[in-house]
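Two complexes follow with chain A in common, the first pairing it with chain B and the second with chain C.
This part shows the complex of A and B:
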């Protein structure tokens, strides 16, 4: 059992309310870093000094927030209205168990039983604004004693490993998988340069934390660790999956917010080839990660992105390959160990 | 002289440089501007920054950033089929109706022809993802390019009387204006000038934003193309090819600094340069990013009117180009009393 992934995915940290996961990560890294601090946005930023070989600062970003819900109203019957924090397919919500507020009150996103549906309702999608979280309260007063408007709600999913420990399911691999990988990097041997590890907030609502972390980091290069949706379900047409689970680390070239630094990307691929670490090019086009903000911070930072492919992103249960997870740690580590200022220097 | 100018336009418009892959452009421009620079740097994102110090003893020198973008729109391979055809995504604003039957060129010289999926309605235009590129391969194995490779649209430069046509006037013609202005400026310039040949404009003015954050200019001027309203059934716009460079007042991304607009008009009038005022409904330039970078700057744009923007046959008028160069030199050499 991968304890790091279990602890991180079972912790709560909906965008804007990342305290629980931040404290957990702080405790997991405190013995391995030279200093750590929390900035105005709530990003946890740790420094691990290098061996002194190169005068260079490399920022490694992994966002620690997850998608979730926010309570907007409590109705007269004690049911909780809510809105989304981060992007959802409404269909993923019905019938799911959530924990609400700092006291982790258990609730369920109620759905009318199929017995009670009219035939015309079978093919309709229930929209989020018609859904309620039911915490078993019988009145507005009873609910208000436990939950306040403005409380966050997060999914409850136990981490499990399947398939002889090669596959994992759980919530929020996007992006606790990236956080776990970054923690492993911090626990390894020192790099030839200073590492600035940023566990960032509010990625899911618009890359907000990374903007501030990158501005403050004054880094010479940046590597972003992510979990990207694997769209690899069976398809009869000859169209490629964007990335496939189990086929290696996904390497970004272009998404809707960035064109990755071509020299950095070439270095990553050469490293993967040389060390036999499986990787796959993520289909260029849509999507966006913290790299979009980091690359443009200050006077610009050469940046690249690596991701673990994950199925069912932004639902209460995701699935990843633990081989891909181990390989992102290996590829990020090998890439950094061989990174020199010359690779990113321009005359 | 005119032939030398056309040679420069041909060289720059035919060079390879989709957004994010501007290395060849930078290598071409650098030796052309080196003789006029006090200092040349390339920043993290790849912007080429040519710095020219204000002459010693000058009163009131301002830090002025002039930006012309080196990148062009293009495509990137997103998938290779078993039979060796390429599916692709856009780099910047690529419109489906400009694609079918067009040609693209990859950095390694591979030429591709753009085809599209079967259409049952001859009047319908397929979206981008129903087009493909045929590079003459028969399988994934013998395909000379791979997923993630970028390509430019491929079309030669043509001189058609006063009209000049090429696939990437946007914004290689702005680069030409900047290079030519550097040549014409005297050794002793009035202000602290940063000529920036920027990257990644077409995907969201990303290069100029970073460059401006590094430079922190007081005044910033973009050099870019703008649309015209002078062709049949055009969307109404009071800019025409051949009526002189356009001084931008507003576009969809920024409102130019009103004082800087007045200054540009005064300089044009004093130098006898015919000009037009530009209000552009759709689109923006590096000036948008420069205006808001760091603590902000007084931003404006000298536009070169251009027909058929973001098609393989972008067309400008040679006289407008000359006017833009003269206007830029006149603005940079005077007092910045905006």
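This part shows the complex of A and C:
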């Protein structure tokens, strides 16, 4: 059982309310970093000094927030109205258990029973504004004693490793997988340069935290660790998969927000080839990561992105390959150990 | 046992319609100390018989309590290879609400149990005609995360799939989980049997956890035939008011047992249950069924020569989902009500309800407002 992934995915940290996961990560890294601090938005930023070989600062970003729900009203029957925090498919919400607010009040999202539907409604999508969270309260007053408008709600999904031992399911692998990998890097041998580890907030609501973390870091290069949605599922109209689970670390070249630094990308792939670490090039196209913000911070930062492919992103239950996870740690580590200022110097 | 612990054990056991042995294995040790005899029947039901105190010289009358033990599930319909992985296509067992499936986990009962995720592609990757609909069995996959060769070794078409959901406490003694339809009724029958340990009852009590209610009422038809009871009470769940369901005819969660009435229910059994509730000063709701009740009562009523059958409902929100919600007090009340009704059964009960059928202008209870005008035939 990977305890790091278990602890990190089971912790709560919906965008804008990342305190629980921030405190957890602080505890997990405190003994391994030279200093840590929390900035104006709640990013947890830690410094691990290098050996002094190169005068260089490399920012490693992993966002720690997750998608979730925000309570917007409590109706007269004690039911909670909510809206989404981060991108959501309405279809992922029915029949799920959530934990609401700092006291983690258990609630469920139900719907009118199938017996009471017209047959034309069987496959109709229930819209989020028609759904309610039921915490068992009988009145608005009773519900208000436990939950406040503005409380956040997260899914309840326990981390599990499946039969193969090579596959794990849980919530929020996007991006606790990246956080776990970054923690492992901080716990390893020192690098030839200073590492600035940023566990950033609010990625899911517009890459907000990374913007100020990148500005404050004043880094010479940046590497973003992510969990990227893998759409490698059977489909009527077969689409070539953007990335596939279990087929190696996903290396970004281009997404809707960035063209990654070509030198950095080339160095990553050369490192993977040289050390036999499986990687796959993510099909260039849509999607976006904190790299989009980091790249344009200050005078600009050469940046690249590595990701663990994760199926069923932005749903209560994601799936990753633990091989991909181990390989992202290996590839990030090997890439950094061989990274020199020359590699990133523009002609 | 605390009602929560009882419900937790019962609901978390796997028992998809047609493959109920996982649930039966949990019920059997719960019932064994409470009954004189326990048998598994040949089509998946579990029968526990508690003998009454009536005289031995003639056959004692018996009452059958039916609570189905099966739950909704899925079944493997195809194994699809994609990118080296084996994905399972599935179909529903019973009235599955497909709108709730995406993002759930489930267990395939193949060569060995395998856990998987019910997933699907995001909006933009789905065929256009599927985009604005709930996921269908054509677009959902059950993903066990294994290469196709291994999947083919471990899983076969037709394997049963059960949902997973730990029972969880909400506020006010309410709990949410899977299979509360109808393990909450199995719990109520268990509680009834516990009450009867300390109460004299003349009739034999035949507790049956019936199989395959969700598809064909199979276990109800066969156990009513095999056990040949004089009367029966079916315990099942009924819709409670909740989001999207505020109709006045629906029951209140926590509002107490709901007594069925109508063509599917014998008026004498209805009255016996209502009288028992009055004796306990227990509030009950009444649910009229114009035709079938959609429960085991539909099968038991017409078994053999016909069996006078009553129906009790436990109010439940979000039926046929993985977050079915009940109030534990309702389960306890149903258990108590059943025990009270059974303890009041005597040698004259069957004759009494038969005579009532022929008594002119004396309708047996027709609603709460008539509770005051008792006809004196308890």
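Note that in this section the second predicted complex is superposed on the first by the 340 of 347 C-alpha atoms of A that agree within 3 Å, B and C clash if a C-alpha of one lies under 4 Å from a C-alpha of the other, contacts with A are read in each partner's own complex, and residues count from 1 in each chain.
Please note the rule applied: contacts are C-beta pairs under 8 Å (C-beta built on N, C-alpha and C of every residue); 3 or more make two chains touch, one makes a residue touch a chain.
None of the values given here were measured: they were computed from a predicted structure.
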Chain C versus chain B on the shared chain A, clash or fit after superposition: fit
Partner chain(s) touched by A:244 [first = chain B, second = chain C, both, neither]: second
Let me test your reading of the model: by the given contact rule, A:137 touches which partner, first (chain B), second (chain C), both or neither? second
Once the shared chain is lined up, is A:25 touching chain B (first), chain C (second), both, or neither of them? neither
Just chain B (first), just chain C (second), both, or neither: which does A:164 touch? second
Residue contacts on chain A - larger count, chain B or chain C: C
In the superposition on the shared chain, how near does any CA atom of chain B get to one of chain C? Answer in angstrom. 13
Please identify the positions on chain A that touch both chain B and chain C, taking each partner from its own complex. 239
Residues of chain C touching chain A in their complex? 80-83, 85, 87, 95-105, 112, 114-117, 119-123, 125-127, 132-136, 138, 141, 143-146, 150, 165, 168-174, 176, 239, 242-245, 247, 254, 294, 317-325
Quick one: in the complex, what on chain A touches chain C? 79, 89, 91-92, 94-97, 105-116, 122-126, 130-132, 134-138, 142, 146, 156, 160, 162-164, 166-167, 169, 229, 231-237, 239, 241, 244-247, 311-312, 315-319, 321
Can you list the chain A residues touching chain B in their complex? 238-240, 253-254, 257, 259-260, 262, 265, 281, 283-285, 295-296, 298-302, 344, 346-347
Which of the residues in chain B come into contact with chain A in the complex? 19-21, 42-47, 76-82, 87, 89, 91, 146-148, 200, 203-204, 206-207, 209-211, 213-214
